[in-house]
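I've put the structures underneath this note.
You will see two complexes here that share subunit A, one where it goes with subunit B and one where it goes with subunit C.
Moving on to the complex of A and B:
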């Protein structure tokens, strides 16, 4: 298999065992992978633990776009970024974890920006419902006193 | 254009829905906690640092975990390093109305927003004046007594003891932080009653709460002028400037006064009565706005010192053309900030205007949420706690909860009680 690979290609193996062939320039957008490649401790196949195939595919898509479009207009890339990160919370969480773990700065930046946009302009109550829906009850009871006096200052 | 071969035969498309849903259900059992609370701390800090102050004020109240994060020095630092310049305003009629309410004004992409009204209910009701701001902390004064507060952290404040018991009003005052020792200090300069032309400086390190006498001041500063804080130095203009000495800096570390080289062309107009000067900070540089008073409709030149302390680095960055209209008065002029679109925000007699240097036109700035005239100081907001000013360790978890839940605990006592 690996003999048929062109030069400058790497195989990334996700946590659930699926393999992706990506150009090295794309793969090294992840600092973690870059370090592995530079230290030459990586064979042709690089395991990417903690990241499943689904998420890995998304991350690769993002990196490819950013690699290709270096020359393209920055505004195009911005539109792509904002569309790319516009996902459900679960996918967002997985992507952020992956981007953080593999140290892909551009992706992490775009994702954090997206979460920030989700928070902007919302009231305390709405932020709680949107992000903390799972454990709203717990938070309300444990922060009971805190809630009373801090809600007074804002809104 | 590079050609990428198609992905491997096992290529996974994003649309593998069945599998995805299965795993999603699995995960609910595993997580059962909000995703945003599971993110590593530095990622949450990264997210929060991208938010404007208005949203941050709300985030602080969302849950306990986040409130604790706002006390984290990592957060405070990375937020302040990226914080944008805001305005801290007081209604102009405050001398007669309630002066405790401050208002933080933030500059968004498309509009200027009054984002927070901070009511400091334990301060005296009338006559509070803003002095200056440093690291997000604000110094206020009333009749020579100084108060410190971080308006973004709610209503808590510190009351400093008065410098002299004889009720004299300080000539000038200023507040700042020494750069190496990270000590917050306030300085007041008094006119000695017995000698008309003698000025004495007194300084107080906030964490100790006692005033020390620094001795005579080399030159008189402009009466009632406020120290301009930059990089550990407070700056004042001299009352009778010479061509070589125009600005004096006070080093908060060594507690010594030293002259700062003035713009080179200032030797062209010697004497103080020909030029009207104003000192300020713009984008982290010391700047002077000046105009010649012997001209009928003077333009205002804005000089910026690009390299701190280097006389040759003064450049004339901006010229504000006289609009030749009745409302404009260069004496009431205060430079605030250069906006992202190149416009210059300024206050003219307590009303905000945006000056467009390209078209040389003025436009009254609409601030969402403010109707009256304002007195304002330039302020970079932060979440630095007053406790760090006192040099205390920041309490986390339970202790902190008590302090925060009862604002009066920090609000009422004077500084001496807080230190114990």
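Moving on to the complex of A and C:
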């Protein structure tokens, strides 16, 4: 496969073994991959551990869009970003982890902004359920006094 | 989820939130509380807020006299695109003073210093954080010329720090100049500035206007010269005020003389370099009258 690979293309291999052929300009939007390419320690196939095919496909979709849309209006890209990051909590977490480990700045920025929007204007109770999930029980039981303080009216 | 998100990412996310949400978020858990109230987080959040070009909140004060003297504060959004100035939030004003309204001493990082000093001196001074009740350490400088002979220099200088809660006399660091009464202070990069002048009968009899500045971090005073021709004698009819534009020190020179009254605005292009004062605009006031400059 590598022999037939066009110039300036790279193969990314997800943690579950699926391979994606991606233009180099798109792949190097990940700073981690960029460093590997610049240090010439990357062969044609670059393994992307900890990121499965599903998530890797999403990350590539995001990077491609950002690479193509340089000429597009900034507002269009913004709309794309906000729609892109509007996902379920699990996918969001996986994307954040991937973007953080692979150091994809623009994606990480859009994701962090999305999470911030999720917190904005929410009640403490809501934020706890959303962000601490299973920990809620622990917090409520082990931290009795703290919770009395927290349950005060706060406006 | 926050348990999975690395700390640096959580900081990134939380610094994007408005102050009101952050205050509420301190109640989410102990780790969020200690993170959000840490001085480094507060500075981080502040820098992000300041560098956001969409952040155009202005604080508006509106005073009534009838039926009661009352002051109202609100946050407004200055939107240059739609040319609107809509109300964003009403603020509760928790203080009362003997002779309303309060004098506004200055503001820094969302914290406002107000003083009950309109009619006479002394009384009380408040540090008010209109949105939240969390802040890093802040300092207030008080410069007092004691006695009827205001030309007595150097003045008494006291420094208050929020952390210690006490006033400390630092008069030994004061410069031998007279700080103009209720001079508006301009705050840039941790340094406060006031318009001042030399004592009328001291200093070899040479009268000169200048700016006295005080470095809040290192607690030292120094002087900044004014543009040539502005500083000198024979300009007693002029009123000086100054302000900040971006990170630049500005000077408003208001010349009230009957012949040729005018108002000029100067900018100090390079901070601390007297030669870098440049006159930006000169407004002819022969047809009208200018009350006070707001800055």
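We take it that the second predicted complex is superposed on the first by the 151 of 155 C-alpha atoms of A that agree within 3 Å, B and C clash if a C-alpha of one lies under 4 Å from a C-alpha of the other, contacts with A are read in each partner's own complex, and residues count from 1 in each chain.
In this section, a contact is a pair of C-beta atoms (placed from the backbone, for glycine too) under 8 Å apart; a residue touches a chain by one contact, two chains touch by 3 or more.
These numbers were taken from a predicted model, which means no experiment stands behind them.
Upon superposition of the two complexes on subunit A, a steric clash is found between subunit B and subunit C. Of the two partner chains, subunit B is the only one that A:68 touches; subunit C does not reach it.
Residue contacts after overlaying the shared chain place A:93 against subunit B and subunit C alike. By the touch criterion defined above, A:15 lies against neither subunit B nor subunit C after alignment on the C-alpha atoms of chain A.
Judged by the touch definition given at the top, the superposed model places A:128 against both subunit B and subunit C. Once chain A of one complex is fitted onto chain A of the other, the partner contacts of A:53 are limited to subunit B, with no touch recorded for subunit C. Residue contacts after overlaying the shared chain place A:23 against subunit B, while subunit C stays out of touching range. Common to the subunit B and subunit C interfaces on subunit A are residues 89, 93, 96-97, 100, 108, 112-113, 115-116, 119-124, 127-128, 131-133, 135, 139, 143, 146, 150, 154.
Those residues of subunit A that touch subunit C in the complex are listed here as 89, 93, 96-97, 100, 108, 112-113, 115-116, 119-124, 127-128, 130-133, 135, 139, 143, 146, 150, 154.
Chain contact summary for the complex, subunit B toward subunit A: residues 1-2, 4-5, 7-8, 10-14, 16, 19-20, 23-24, 27, 31-40, 43, 46-48, 50-52, 55, 57-64, 67, 116, 118, 154-155, 401, 404-405, 407.
Subunit A makes touch with subunit B in their complex at residues 6, 9, 11, 14, 18-21, 23, 52-54, 56-58, 61, 64, 68, 89-90, 92-93, 96-97, 100, 108-109, 112-113, 115-116, 119-124, 127-128, 131-135, 139, 142-143, 145-147, 149-151, 153-155.
Taken in their complex, subunit C has these residues touching subunit A: 1-6, 9, 12-14, 16-18, 21, 23-25, 27-30.
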